[in-house]
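First chain A sits with chain B, and in the next complex the same chain sits with chain C.
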Partner chain A sequence: MEVDREDGRTPNQLRPLACSRNILHRPHGSASWSQGDTKVLAAVYGPKAGTKKNENAEKACFEVIWKPKTGQIGKVEKEYEMILKRTIQSICVLTVNPNTTTSVIIQVVHDDGSLLPCAINAACAALVDAGIPMKHLAVAICCCLADNGYVVLDPNKLEEKKMTALAYLVFPNTTLSVLPEGSSVAEGEPVEHGIITSVTHGVMSVDDYFLCVENGRAATASLSAFFRKNFQQSQRDSSKAG
Partner chain B sequence: MSTEVSTSPTSLIGQTVVPGDVVLDLSNMTNQTIKLGSGLRQDNDAISAMRAGKFRFSKPNKYWVESSHKRYIPRPEDTVLGIVVDSKSDNFWVDIKGPQLALLPVLAFEGGTRRNIPKFEVGTLLYVRVVKTNTGMNPEVSCTDASGKAAGFGPLKDGFMFETSTGLSRMLLSSPTCPVLEALGKKLSFETAFGLNGRVWVHAASPRVVIIVANALMNSETLSGTQQRIMVEKLLEKISE
Partner chain C sequence: MGLPDSSQVLSTEMEVDAFRRIFPLRFFERHLSESLRPDARPLGKARDTIVNLGLVSTADGSALAKIGSTTMLAAIRMEVMTPSADSPDEGSIALEFHMPPICSPTVRPGRPADAAPVISKRLSDTILSSGMIDLKELCLVSGKAAWMGYLDIYCLDADGALFDAALLAAVAAFSNLQIPVVALNDNGRIVAITGGKDQDNASIIEKKAVNKEKRKLTLNNIPFSLTCILHKNYILADPTTEEETIMDTLVTVVLDSSDHMVSFYKSGGTVLASSSAIKSCVELARTRAKELKQILGEMDID
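Moving on to the complex of A and B:
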């Protein structure tokens, strides 16, 4: 049953997480998020007045700018920008500040696999730091199907290269609720079981995909808890004054 | 890591919430009228948080999420510091750090008539009150209080303005007087204006005092009351040497 991973992790084990917020001086919100050696810096500016051309002026508009570690952006980065933008649009409340644009700038510091999920987590932390109204948080995870049929979570660059297929999954975070247990359900399932974004590469069977979703979802509970702990810590720091 | 977050706590008041947390259940408080402040939204019977911060409750019926940001969202009756960016025949355009520029009607001054329109150059710092914040419109500000008196509103001459977070300016405005201000005020004489949008203006007779006060205020953001007093004492000791 055991799968050998290069770094000795178990298949469902994530790399160590680290997140710090409000690290940049000029942006209205910023965060750095790292999973192992993968590190991404996110900055949020706005909301600024006006929307871009071809955008709905009755809603808040988002733009995502992806800055790779070196060189210029290509097709892959454009795709990442698009995925990130759609993800952000679905987790933010768009009607509070209509006719405004919020810029999210993603700077890749180091890429060691699971880059897009790392960027989504960073962007989410930066949006919260900037105080952009959000419906809920998003937690992203990369699931990877190894050639021997096992699902491994949060792969590094080497594992990503060797895999047969991989899926980037984004789930809503686990929320605290004063509602009675089991009342926050949508179509018979708890809200945190919904999928916000799903991107797959390579070939995988339907069963394998569902296995990925199940394993990924199980891991997001700890990611959600990490998010919450991080916010509580920074709150404690700032509320000492009050 | 704990995974017990999905359990139902009875009350989240005073706790840190993140976006998506359901903080109030309206179905079991039907006979009350409640007021929701910033950072909360209603979805049928559930009130959930939109921002991360401390969930607060004030008797009898006010609920809000307290957080500190670099960006300001205008609310009616807030007092803010704005900077004139343009003047038109009917309005001044004022930057109050919000998503949109605010409008200051040229008649929104004490005894304002068409004949005595004030002249503000671009860059003038004004202490104003937010009047209207309708969605889809620019917010409107005024240089009078609700009864039409000047009440201290208007241009701030000389002095020094710096930008902080909204949390710090709220702390400085809180009553009883913030420890850092109390401690500074015992030894130095200066004049200040705090805007809820995170702008602070300091004015004193000598530039030396302005710099001391400004630095003390900026340093006090993450300190507790006692720490603030100690910091000010040390600062004053250093300059008296």
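Moving on to the complex of A and C:
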């Protein structure tokens, strides 16, 4: 009844996570994020003065540059750039630095499935490293729907190909800060249950989609905890060094 | 932006048009609180939709779709190609979405619009993953020849919900598609049979027509999409460009004719989609799919 995964993971088990920040010298913030063999490097430059054309100068503007492992960028990368840009815009506080542009550069080191979620997590860590004002973090996960109706999390490339449908989901992380009463609950649901970004491939029933959302949401809690632990760790390290 | 108080004072004596320009969000929220939109639509209603088939005589299939003033022209051209080694008995479809400067003031000549490749990718993902077209039907001779469908969609007027209109135009163009008749000649090459010339008729009979008559593709599980705006607790179906620029959370739901979800697309935006909002969007998409099915159904009778 259970799905057998080639690497022996349980359906809800993620691959080992690794995140290191401040790894590049020149950018204002940088991070590498890996999930199993998928590894992405993110660098943030900015905020730089001025916005691009057709952008609202009253708000901070973001540009995302996606560098694939090899070759030129195509439509897929263009789509990823757009999704990433809009996701970053929704989690950052845009009114603190109006009329500025922040560049986020994503370099794919190795793609072994769940590339877009991996890049979103890396970008998030790099933005934190650069000290860009943010409302909350975005935690991304890839959910797959197997033939027998089971949901499998964080698939590798081989599994991604075999699945009937897959969904990239991005949720906000749980905030620990003090918020005015009522603002952390929207329509009877905690805020961290709302979806920031959702991209799906393949046909599934509506109920299956909700199943994906539910399982993805549960997994983001552990991802979010990993983020927090990692940030606290490096904060401690830097304060020791200082 | 002015303080809330100042806008209150101003609004009493300002003309509606000026108010709309200076406080666009407030203008829209005043409408939304009355469950109405500036163009007199209720929140969940899509704009009037028109589909016309077969407008491009040089193409093998074409359609013009209009949702409100958003206009899309889709045309398909079929060409014979050698199928790839991994799938010898399948044809393929190449989709391109164009946004020429004519469609919107934000598109500058010479520089392609940012949105065009993204919509292009989403469209081909949706059409191919929905299983609307059986690529095996496009096969002529296994491993030797198959159809390549070049589908080009031109945006003539961009007034919001581009993806919905483009998908509708693409689907309509496929329903209009007439696959040309071809035959296999002595050299093992595929040649088109052009009816009309008498002296050719004899040779045509000698040649084995690979596809006997002009064939139509069978379309199963047609995808229908609806874009909604989430703003506070309101859900606005089928937004115009003005609405899209003021309220930035867009959700696109694509359902197929057997009520399965082909795509649920939301990229960022200030509003988070809660489960109840997702459910309402899916519900709206369901009614819209029925509407669109009816519109396409009327086309087929003609």
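Following the convention adopted for this analysis, the second predicted complex is superposed on the first by the 233 of 242 C-alpha atoms of A that agree within 3 Å, B and C clash if a C-alpha of one lies under 4 Å from a C-alpha of the other, contacts with A are read in each partner's own complex, and residues count from 1 in each chain.
Just so it is clear, contacts are C-beta pairs under 8 Å (C-beta built on N, C-alpha and C of every residue); 3 or more make two chains touch, one makes a residue touch a chain.
Since this is a predicted model, take the numbers as computed values, not measurements.
Following the overlay on chain A, a side-by-side fit with no clash is recorded for the pair chain B and chain C. Looking at the shared chain after the overlay, A:172 reaches both chain B and chain C. In the superposition on chain A, contact is made by A:78 with chain C only, not with chain B.
Rounded in steps of 10, the angle chain B-chain A-chain C defined by Cα centres in the superposition reads 130°. Residue contacts after overlaying the shared chain place A:225 against chain B, while chain C stays out of touching range.
Of the two partner chains, chain C is the only one touched by A:206; chain B is not.
Of the two partners chain B and chain C, more residues of chain A are touched by B. Judged by the touch definition given at the top, the superposed model places A:89 against chain C, while chain B stays out of reach. When the shared chain is aligned, chain B comes close enough to touch A:98, but chain C does not. Looking at the shared chain after the overlay, A:70 reaches neither chain B nor chain C.
Once both structures are overlaid on their shared chain A, chain B and chain C have a minimum Cα-Cα separation of 12 Å. In the three-chain superposition model, chain A touches both chain B and chain C at residues 172.
Every residue of chain A that touches chain C in the complex is listed here, in rising order: 54, 58, 75-76, 78-79, 82-83, 85-90, 167, 172, 186-187, 189, 191, 193-206, 208-210, 213. For chain C in complex with chain A, the residues that touch the partner chain are 1, 106, 114-115, 117-118, 120-122, 125, 129-131, 221, 233, 256, 259-278, 282. Here chain B touches chain A in the complex through residues 1-3, 5-12, 16-25, 39, 41, 46, 48, 50-54, 67-71, 73, 99-101, 135-136, 167-168, 171, 174, 220-225, 227-228, going by the rule given at the top. On the chain A side of its complex with chain B, the touching residues are 27-29, 46-49, 93, 96-100, 128-131, 133-137, 172-181, 184, 190, 192, 221-222, 224-229, 231-232, 235, 237-242.
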